[in-house]
Amino acid sequence: MSLHPFGIELLQFVLLLGLAPAFAGWVKTLKCLAQGRTAPGILQPYRDIRRLFGKDIVLAENASWIFRFTPYLVFGVTAVAAGIIPLISVDLPLAATADVIALVMLFGIVRFFTALAGMDIGTAFGGMGSSREMMVASLAEPAMLMAVFTVSLASNSSSLTQMVAVMGHAEFVIRPSLAFALAAFIMVALAETGRIPVDNPATHLELTMVHEAMILEYSGRHLALIEWAGMMKLTLFFALGIAAFSPWGIASDGDIGALLLAFGSLLLKLAVGALVMVLIETGLAKMRLFRLPEYLGSAFLLATLGMIAFFILE
Amino acid sequence: MILLSLLGISILVALLLAFIGDWRYAPEINIGGSLLTFFVSLVLALQVYREGGSIAGSDYFFVDYLNISLVVLTTFVSTTTAIFSRRYMLVEREHGRVGHWRMRFYHAMFQLFIFAMLIALVTNNFGVLWISMELATLATVLLVSLYRTPTSIEAAWKYFILCGVGIAQALFGTVLLYFAAERVVGAGGNALLWTNLSQVSGQLDPTVMRLSFVFLMVGYGTKAGLVPLHNWLPDAHSEGPTPVSAVLSGLLLNIALYALIRCKALVDGSLGSGFAGNIMMGFGLLSLLTAAFSMLRQKDVKRLFAYSSIEHMGIATFAFGLGGPIATFGGVLHMIVHSLAKSATFFSVGHAAQMHGTQEMAQIRGLIRGNPAVGWGLFLGVMALAGMPPFGIFTSEFLILTATMKDAPLLTPLLLLGLAVAFAALFRKVQPMVTGLIPAGQKQLTAANIPVFLHLALVLLLGIYLPGFLANWFHLAVEILK
Amino acid sequence: MTHTFAVQLNSLLAALILLTAFALLAQRKILGLVHIFAWQGFFLALSTAVIGYASGEHHLYISSLLTLVMKVILLPYILYTLVRKLKVHRDIDAVVNIPTTMLLGIMLVVFSYHLTAPIRELSNLMTRSTLAVALATVMLGMLMMVTRRHAVTQILGFLAMENGLFFAATSATYGMPMVVELGVALDLLIAAFIFGIFFFHISTTFESLDVEQMAKLKETD
Amino acid sequence: MPASLDIAGFAVLLLLALAVLAPLLRSVRSIQIPLAFSLGAVASLAAVVAGIMTVAAGSVASATMSVGLPGLPFHLRLDPLAGFFLVVIGLVGLFVSIYSIGYVKGYGGVRSMTQMICFYTLFLAGMLLVVLADDAYFFLVAWELMAAASYFLVMYEDEKGENRRAAFLYLLIAHVGALAILLAFGVMAGQSGASGFDGYTFDAMRSAHLSSGWAAAAFFLAFFGFAAKAGVIPLHVWLPEAHPVAPSNISALMSGVMLKTSIYGICRFAFDFIKIFPWWWGGVVLALGLISAVMGVLYALMQHDLKRLLAYHSVENIGIILIGLGLSMIFAAFHLPALAALALVAALYHTLNHAIFKGLLFMGAGAVLHATHVRNMEEMGGLIHRMPWTAPLFLVGCVSISALPPFNGFVSEWLTFQAFLLSPALPHPLLRLLIPLGAALLALTGALAAACFVKVFGVVFLGQWRGHQKPERIHEVGPSMRGGMLLAAISCLLLGILPTWVIGWLDTIPEQLCGAKLSESAGKLGWLWLTPIAHERASYSGPVVFIGILAVVAVTWLLLHVRATSVSRVPIWDCGFVKLTPRMQYTASAFSMPLRRVLGFLFAVREQVEIVPHTNHPALPGSLQYRLRIRDRFWNWLYAPQGDAAYWVARQVGRLQQGRIQIYLLYSFVTLIVLLVFLG
């Protein structure tokens, strides 16, 4: 028995929407465990979102339509991205909508509008957050591209499904280029998703806020949408990493068995990936803003080394 | 007959003006005389065109495609200058800069000057060419010092002495030319006739011709304002009354260059090498570069344009030196469009200076707002002079540059440098004068606009459309110089 | 007068012309200069007449007469009157001192000789050897203009050049065609008229005829 | 049906006629502006039609006029490349002409309308003629007509010193560039072997066989000239001076279209005339493109003058176009026609896109200027409340230029990235290693551009009003200005979501210039999917992204509005402090501070902080003054020394003329003797 491609598409969409809070909860739980605190439970994000949806909205007097529109757009773009990255199967009709580069740019829209919303109210916090976010993104982008470039060299394509298909069926070899690229990708992904050491999602201290500063003024369902989209984005970056660097297990068609298997391996990989991230976050402290160029520069260097390694060694 | 009337009118009018003096209608007589000469020259041109080639009016005069085009140019520009000078000199009189006696002198000398230039153009005899060149200098020396200010006397003195010495050298060259020619053509007046010499130029002795050309080059080169013989030019062209500056820059330089290219044709025929051409290219480039850089530092507006004349003469000299049909064509065209554009610019400059009571560029501001016709006239004139298309100077520079690129590519960077610096200098200086707000103390006046815009229209026309007959004409003129 | 004698006489006159050219360089007094100039014109007229006689080119007589009238009588007279009227009696300052000038002059003579050598080879006229002198006179005249700073001396240098040119025409080709000779004479006349006016203007405006004062129009700061 | 060349000719003639008749229209002052600019719009539309027809048909038409030089009448030719640029010029011309009806009214009564109309139409006509010209002379005439007309337009507000300075600098650099182009033509004509005037026709240049040295000379002379016009770093200094001070409709044309004519010129020279060239030509173009792109956007980030900022972005985008061109040339040099076609299409597509979104942005800036009368962003803010139309339209421009899907800027940049991704196909090992680094720089450029436009939109339209005057006096602009911007914004969206059609349309150009078509592979899966080389390699679907986002947003919105929730408006939360003023907002300078700190070494930055103590309590700061000056380093590196050198030479030359007549006589004497000694 096999699922129609649009069925897979829908399944994946629902899966991501539903799974993202749980994944965020899992990360939080792991983090609490690692830091010796009591965890609120994996389901806490669901409760948060529900509570926020139920609340009224408090809006600053001079908030414009940009401020009110942004949460929907952020959510919408992230959802579209969810339909593109192969989570459990490559047989996605919408996967051709965007290759990796276009995908990165899609997240660019999210950032662009979040940053605009940060400046809409006209407080110093919002502007500060936007300014910092855009700087980090600017520096992260070249490294991201180099990492993508290296992977696409290996699979001869920048299309995600194609990458998965090629890499998933190749026999396992240790490729130094991909190792470098993976390291670079992880560093950049931490920056893009606003994690330690680049940003601290849990802080509301003015000196260290980046992303949180931009969305400080949000409340009610707006905040819910943004939070939810943020969780989806985190999950998607993991999925992206998985698709690019360890696609084994992702089904090539809509066969139910393969899909189940793929789902299982996805959960496993996410769980492991979260562990890695939590270890990194626990082990490192948040960097000063002006140390970030060095951090992202190293990521770029690693990615470039990966590319060079591909040409020289492979 | 027509030739004689061409020459006769101007000398008669000169005498008449000298006789009647500063009569009320003297300027109108001046205009009328010039206009009449212009018509006669047109008739003559038509005749040349119909009979196809040269007309030799006895042994003394001859007309071919090359000089008739310059004759028409000369009579035309002198007519428009006369028109311009009517208004201009009226204002000068009101300001008390010239009096009764000097006006008489001015008008008479103006016509005498035209007469001298016309003789220089149509004469068949190299000796007479020399004489009339000298006459043209002498006729204008006292016009330069018309205002009797210390600087104008200084300028006129330098003009007189330097051109006198220069032209004396040309006379030595002419003697040598005669010496060479006599051995081929035989003694007597015939030996200096262009119509004879151009036939036998191949037989002229090369050694003598080389020597002769060096003297002629230095001599007529001084008159054409080539560097380093140019030092009189900025002084003389800036200190005299503006109509005089206009004809000096616009016409007299052309005549000197004309003499030079006639000589070059003979020398080339004799030597069969690029000797003369190389010398001319050297002078041309040096003039272009020196003048271009000098323009950067000018403070006096007429001096600026005097240097611009040196620059353009340099370009034309370079073009003739380069030779070849395209460059020579470019050179002839350049002489013509430069005359028109330069005199038009001087007209505007004259009015601008009168409006502000000074020739100092720092004082002249806001011309377009103050008097749109004068401002735009100056601005467009400068665009033309700087070589912006679609004005004709761009056409000639285009031809010259591309020809250089083909025949002497290593010289193009120098040409380019000169043109670019000259462009920068012109706009740097003129732009603030024409734009901006009206300064305090600017006076209004009724400007003579027709000459300016007539000239500019012609320059524009020559840039985008050369009528068939004119093109043909120039081609035949180029043939003569081959 | 035999042909050879005429040649010898002409050579002597050429030597005298050269001598006067040097004398013009050496002389410090203005009136003295005018006198020397008149002498130069006289020798020139004589030489022209001699050549005319020897070569049978009779139009040279007219030239000779013209020279006599213009350069021996008219121009010196005008200059003399002007100098008197404008009261310029002082010695003239030279830019370069006189011995150096003379030395330069001698080098110019040698140079002229060298330069006219090919023409001498070509020519078969009896006057061919004097061409070098003619050119030297032109150059010396020019040297005089360069090294002297008085308006009158500049004019004299200019006129000496003119003399040299005239002499060159006679010696190279037995004179230019008549129309040219006449025209040149006319120009010279007008020039004389003009420099006369100039002397007045300059001396009234600048209160002296020193041309060093006329250096206002310049490009240096 | 009239031939496309006739339609183009009609457009040009209409514009020229307008220029000539503009003074006559003065008598009917009330309709002078609407009439002139509507006719300008009609002419632009005609150019668009002619261009679209030509490109679609892939046809070549030529004609000769009866004016011009003897032996060299003006030649006209309309081929797909020219047709494409006709469309670029015409489209922006159309939008801007409509916009101008309202914009120019703002000058009414103060300045000469005739002058504006005359030079505006001449400017448009000049640009159209540049792409239509088919001989060297006519090309240069058109080129300088364009330069001169725009010079006068930059000078339009000539009582301001900065306008005069900018105009002069602009004209000077443009003219030097034109001279270089002239020499390039000289090389082509001289080496083409054709005699007389025939060598100056483009046909002769197409068939000329140049030796490699001469070909390089011709190309790089031309490239220098075109780069000067396009504002390629380091020849860009005029651009951020001239574009801001011109009237905004002119800035839109200059930045949007005029710069593109030099792209046309480079394409013409490289792909049409010379055709066969070594790869390093492309390498030079690529390198300069990268430098321009990165430096351009960095300089832009540092600006707080809105129009100046946009001008620097033009430098950046010209850089991006050149990146595509350079890649295309490299691919072509290695005989990879399909890849060359891809890179060329990327470049051309970006040319079109940039023309439109930069036109839109300048029109928007003009609208802001029109409403607020300030260019300094530090004095703006919150305009989204006062200008409900301009704000979203400007936002479209911002998103487009930041290369974000689904708008048009993204498509062309994505195509450029694809070209980069294909560089491993090159047989040259060093290039394989180096070119990907270019892709990283392009990514940096894109991200910085996004940062910059967050700043622009955030500071200008969002937040609160920072200026001195009362914000209540600011009003939305009139319908024609909104119309022009709206059309441009719609074009941005359409070009973004329908790239397959556009690429299919302009396919005749790479076919003629590179010998390969893109449409067969690009549209293989139908119009919905853009697959530049093969769908396995990469794909993008503008419509799906657009509709997808729209659908999710709509559904979410509906779902969340099923139950009514109250939205309460409250004053801005001031963290418990009182007196939160608009001056406490983040400013443009503050926004770019982190990047200024990180990349400051590239600029000449001077920051000064001065603390004035409180009068009563000297220990406390009374007021604080902050001064920031950022200068273009190229000015001190390249231009100031040149100017100084010129004046130094001028001084030395001036020494020739000391005023003493003896010295002058000596020159004459020495000249004579030197000539005699060495030559006589």
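Remarks
The letters A, B, C and D name the chains in turn, as written, and every chain counts its residues from 1.
To be clear about the criterion, contacts are C-beta pairs under 8 Å (C-beta built on N, C-alpha and C of every residue); 3 or more make two chains touch, one makes a residue touch a chain.
Keep in mind it's a predicted model, so treat the numbers as computed, not measured.
Minimum number of contact steps separating subunit B from subunit D: 1.
The count of contacting C-beta pairs peaks for the chain pair A-D. Among the remaining chains, the Cα-based centre furthest from that of subunit B is the centre of A. Averaged C-alpha coordinates put the centre of subunit C at 69 Å from the centre of subunit D. Centroids built from CA atoms put subunit C at 100 Å from subunit A. Chain centres here are Cα averages; for subunit A and subunit B they lie 78 Å apart.
The geometric centre of subunit A is 35 Å away from that of subunit D, both derived from CA atoms. Residues of subunit C in contact with at least two other chains: 115, 142, 145, 154, 211, 214-217, 219. Residue positions 157-158, 161, 165, 169, 211, 234, 294, 297 of subunit B are each in touch with at least two other chains. Residue positions of subunit A with contacts to 2 or more other chains are absent.
Two chains count as a pair here when they touch; such pairs are A-D, B-C, B-D, C-D. Every residue of subunit D that touches subunit C in the complex is listed here, in rising order: 653-662, 665-666, 668-669, 673, 676, 680.
On subunit D, the positions that touch subunit B within their shared complex are 67-71, 136-137, 140-141, 143-145, 147-148, 155, 158-159, 164, 167-168, 171-172, 175-176, 179-180, 182-183, 185-187, 189-191, 196-197, 200, 646-647, 649-651, 653-654, 656-657, 661, 664-665, 667-668, 671-672, 675-676, 679-680. The part of subunit B that touches subunit D in the complex is made up of residues 157-158, 161-162, 165-166, 169, 210-211, 214-215, 217-218, 222, 227-229, 231-232, 234, 275, 279, 290, 293-294, 296-297, 325-326, 368, 383, 386-390, 394-395, 398-399, 401-407, 409, 412, 416, 419-421, 423-424, 427-428, 431-432, 435-437, 463-466, 468, 470-472, 474-475.
The part of subunit C that touches subunit D in the complex is made up of residues 95, 111, 115, 139, 142-143, 145-149, 154, 211-212, 214-221.
By the touch criterion given at the top, residues 60, 125, 127-128, 130-131, 134-135, 138, 141-142, 145, 148, 150-151, 153-158, 160-161, 164-165, 168-169, 171-172, 174-176, 178-179, 182-183, 187-189, 191-192, 205, 207-208, 211, 234-235, 238-239, 294, 297 of subunit B touch subunit C in their complex.
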